[in-house]
Amino acid sequence: MSNNPITRIGVFTSGGDAPGMNAAIRAVVRSAKYYNLEVYGIYRGYEGMIQNDIKKLENINVGYILERGGTFLKSARSAEFRTPEGRKKAYDNLTAHNINALVVIGGDGSLTGAHLFYKEFGIPSIGIPGTIDNDLSGTDSTIGYDTACNTAIQAIDKIRDTAVSHDRLFFVEVMGRDAGFIAVNAGIGSGAAATLIPERKMPIETLIERLKSRAKAKKQSNIVIVAEGGKSGGALEISQKVKKFLPNYDIRVTILGHLQRGGSPTSFDRTLASKLGVAAVEGLINGKADVMVGVINNKIVYTPIKKAIVDDKEVDEDDFRIAKILSQ
Amino acid sequence: MSNNPITRIGVFTSGGDAPGMNAAIRAVVRSAKYYNLEVYGIYRGYEGMIQNDIKKLENINVGYILERGGTFLKSARSAEFRTPEGRKKAYDNLTAHNINALVVIGGDGSLTGAHLFYKEFGIPSIGIPGTIDNDLSGTDSTIGYDTACNTAIQAIDKIRDTAVSHDRLFFVEVMGRDAGFIAVNAGIGSGAAATLIPERKMPIETLIERLKSRAKAKKQSNIVIVAEGGKSGGALEISQKVKKFLPNYDIRVTILGHLQRGGSPTSFDRTLASKLGVAAVEGLINGKADVMVGVINNKIVYTPIKKAIVDDKEVDEDDFRIAKILSQ
Amino acid sequence: MSNNPITRIGVFTSGGDAPGMNAAIRAVVRSAKYYNLEVYGIYRGYEGMIQNDIKKLENINVGYILERGGTFLKSARSAEFRTPEGRKKAYDNLTAHNINALVVIGGDGSLTGAHLFYKEFGIPSIGIPGTIDNDLSGTDSTIGYDTACNTAIQAIDKIRDTAVSHDRLFFVEVMGRDAGFIAVNAGIGSGAAATLIPERKMPIETLIERLKSRAKAKKQSNIVIVAEGGKSGGALEISQKVKKFLPNYDIRVTILGHLQRGGSPTSFDRTLASKLGVAAVEGLINGKADVMVGVINNKIVYTPIKKAIVDDKEVDEDDFRIAKILSQ
Amino acid sequence: MSNNPITRIGVFTSGGDAPGMNAAIRAVVRSAKYYNLEVYGIYRGYEGMIQNDIKKLENINVGYILERGGTFLKSARSAEFRTPEGRKKAYDNLTAHNINALVVIGGDGSLTGAHLFYKEFGIPSIGIPGTIDNDLSGTDSTIGYDTACNTAIQAIDKIRDTAVSHDRLFFVEVMGRDAGFIAVNAGIGSGAAATLIPERKMPIETLIERLKSRAKAKKQSNIVIVAEGGKSGGALEISQKVKKFLPNYDIRVTILGHLQRGGSPTSFDRTLASKLGVAAVEGLINGKADVMVGVINNKIVYTPIKKAIVDDKEVDEDDFRIAKILSQ
């Protein structure tokens, strides 16, 4: 699309942070150096682009961060970037720094911004999917999702210890506003009694039936996973409904919350982030623009951003079935 | 006190479970075997004593549990044990099993029960302090406290990743209804901006002042630890008060909850539990009764239960001072 | 293949243990119950089959094991099973128990045994790939591989702390006798200076050159990952060769060893194991035999065992390239 | 000793690094600021003092390092500091920076250096015990010891999974050249079959006897902990001796090695390091010099360095006894 060769890349993180973002930034910086390009870090996403919070990055700046959660470039929301004036200001700052290509690491909102910006100003940009929600098409997994799943099951492992010791029923709320990926994974991975997700409504009667039948089978622990955005309400609401049907149960609720956003990334997320960071730089060098880079079936794939952000990614049917069978 | 030699020990866990209880049970069973005594496990605490849920334990029953959280003997509340009739029933069941000594692992309520039971029926019993709250005198640390502190700081480490990335102010609620031990430790251990505990009221103005002065000093992260039982309210209430003073802050709340009760015990808790389990059995053999066994200054110490449960244990003044200095 | 309906499944683990094997056994037992089949556990693999160490399994037997490393059915080598007489004895024991289908969880050697057994006696069997080495075709990942990679990088994270503090060069040996999967993953995931694997010989001069160039670039840490089965020798041999060229380097060696075989399985391995366990039972019900069940591109796939054990699975070229770029 | 008020503190880490050193440096910097003193970081210990590798430290420099293993000030050996000329050069550099007090964080060798330096040049210095070996008097625990113990037992937990699955006998070598603290703790904490330490020679016959008797009792796992500096040799030598007596045992050896030096410090070590860092600064302000600050029975205590480095600290007799009873 762009005819001018890429010489200076701007990289930034945007939207909710996800473990592995630092590993992705590192990979962008190091591969850019490998290909003799310059890299500038834009702090606090689009907001920093507007505020001109932009600094040159060298290999030394990304040493010893691969294993850290969060993003050292920080992230922020930017109301101003939603205005044409804000975007113009951002463009001017990039131009002043001679930045002629962008790598944006974030979720669907962040990629939408990049798409818009490309259409308006033509600076080629490549998106890297970084979000614990795993709700982007064009990649089998988003950066941070595997870490969040592991954080969730490790927390639930601890909760199970106390649930079993006291024969309690626990409702554990995990993140995933519109997508039940973490919930279904954590449900299978923690041997949950049931998993309630936004995509599928489980009638309260079905849940009660399941719990009663497990009580008969003398299951040792009863943990119900609830995705935060479920239509039936969060863990607290559902626990209160269940309490009415099962007044003798000793019920507790834990909302895992922001725990799931942090922590040292897993092996999977580090490798994924490293791969996508290198592939983003190589994509820009090869003239790609307005695309998101992902890994599908272990292969690097570039998908038009417009296509990737249309969230049609769904939890696998097999996973639903297996979660159901194993919770009986 | 008792003139008859101990031949058969009943062991049980009671009250809120704590990581390391399994290690303590194991130590009781194995040291009893070492001294040629028999051991019976009483399931679900005093309730199981009344329900006659009592089984013989061999070394094989405590294999591979040292590292597990929770308690495989389970724990439960018993309303019936609070009645003379209930305690009589419990006593009859013990007698029917020829159990002539008890080891109870639990917190102050559990030890109070043992004290009462001893006074009424004369069965010698030794208490082992097992509670994450660390609120028992007669021991430097209770079983589970160190693990809970580590669980708390590891969770806060993850939260800090996302707090720093978004320049957010987090209120993290930790356990400790009447005692701020976990909170103060987690506050020092996680570099908190402030720590609010039941024992000391911090005026909201002081907290606001601290946060403002940290903002000036451009501290990277702002995490306030709140003990659940604080007089100023839980994390949620305090965060709402602060929000009024600092409307521009991006504030989040996480309640760690039952996470802190489970998980594989730390090295410290495993060693402590092992030591106390052996010392409880040796104490019974040596004619001790109605005492709690603890470790003070690395030495095993037996304290009358009545004295241990009078909760006058307080967070160290040095710890307060250090927490304050390091949060400036 | 078999015309008789499956009624009783024998399940066992064989070969080197891998984290997630317990989760797979649990899934086999619970899904068999779900489909109204009986399940028998065969202890210590083929050896237990010959020794008739076979016990009925109920849901209760697989409670609270999902999150544990190792295999509660144990594993062992069996010289006798390699003889026709041994296999006949094994067959007779299965017949005496009315076991008319098998699920074997293990690596290539274990699946080879199942294939041979099927050819000789016609008992339908399905293999589940359980090995940390990831060296089986017919599945994107084997059970235990993801956990082993995470164990490796977490260990290397600790080593990096001390490597950076002392400006030392570390050689860390990871498992993978014939396959560099763990090494390459750990190399990318830990930001290694170089990764030496069995599949590709790196001349010692290239390694020396890389280290010297990193020294110039003032890289903070220098960790070289060595797969145990490399042709250039293990970590110890290579470190000694390097020492001759770089006599002033402060060099240390750590061999991670059996650490990598144990530990609580990751979210990925728990989900994979659960999925494969259910799919193995469903496969048997649907008349499949002499196949291995795997997951390729998130879909359950059955591959003839004979095809799966021909180890032509190779580390991805992209991974090599990315490892190389990021280590410069 | 010194009549001039302290105005500028030099802080450095020396000797083998230990988790929690960063937390100690942070506490020194932050409490110095709290008391309106300046702080300079001396890189790479005595070597950096000689090379004049000295930089001013502000609060910002110690942000977000509390939870990291290693030491960002680095550590190194210095042959030159052992010479009077070297020490003179070091002194001149300190003087040039107007540094008039020192905090040294390290083990006995590092404290010895400080003692010598104080005697020669009179710059007041306070030592903070930082070593995983726990072999310093004047404190109940040294910084890093608790973390190392936890790293050891977590590794052994993983090894036990595979040991149990294969009925193997494992010899695990832990650190502790002259002191069996880590070994005895890990032995109790991991339920070891035996623990071999430098301080006490266990005849090979006793070990064989123990293993045979455990085999009879059908213990599930057999793990022998060996401290690296044991007179009977390391894990490898002992395993070979045992193999001769028990040729049918399936024996494996794992040397944990430098793993034990790194990793995020535990709650205990973070609190200890924070406390000692503050107390060191307060000690200097109060005119103390040539002392090591420690915590004994939860109280801060200053001990003359000369007394602290005379290593007469011994593993507690109770611990030996308990380790023995629980391994039967």
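Letters A, B, C and D mark the chains as written, and numbering starts fresh at 1 in each.
Everything below uses one rule, namely that a residue touches a chain if its C-beta (ideal position, glycine included) is under 8 Å from a C-beta of that chain, and two chains touch if they have at least 3 such contacts.
The structure presented is a predicted model; accordingly, all values stated were derived computationally and were not measured.
Following the contact convention of this document, no chain is adjacent to both subunit A and subunit C. Centre-to-centre, using mean CA coordinates, subunit B is 28 Å away from subunit D.
Chain geometry summary: the mean Cα position of subunit C and that of subunit D are 36 Å apart. As a whole-number value, the distance joining the C-alpha centres of subunit A and subunit D reads 39 Å. Among the residues of subunit B, those touching two or more other chains are numbered 157, 160, 164.
In this structure, the chains touch in the following pairs: A-B, A-C, B-D, C-D.
Of all residues in subunit A, only 13, 17, 19, 21, 68-71, 74-76, 151, 155, 157-162, 164-167, 170, 252-255, 257-263 touch subunit B in the complex they form. Subunit B contributes residues 26-27, 30-31, 33-34, 59-60, 63-64, 66-67, 140, 146, 149-150, 152-154, 157, 160, 164, 185-186, 188-191, 217-221, 264, 266-268, 270-271, 274-275, 278, 296-300, 316, 318-319, 321-322, 325-326, 328 to its touches with subunit D in the complex.
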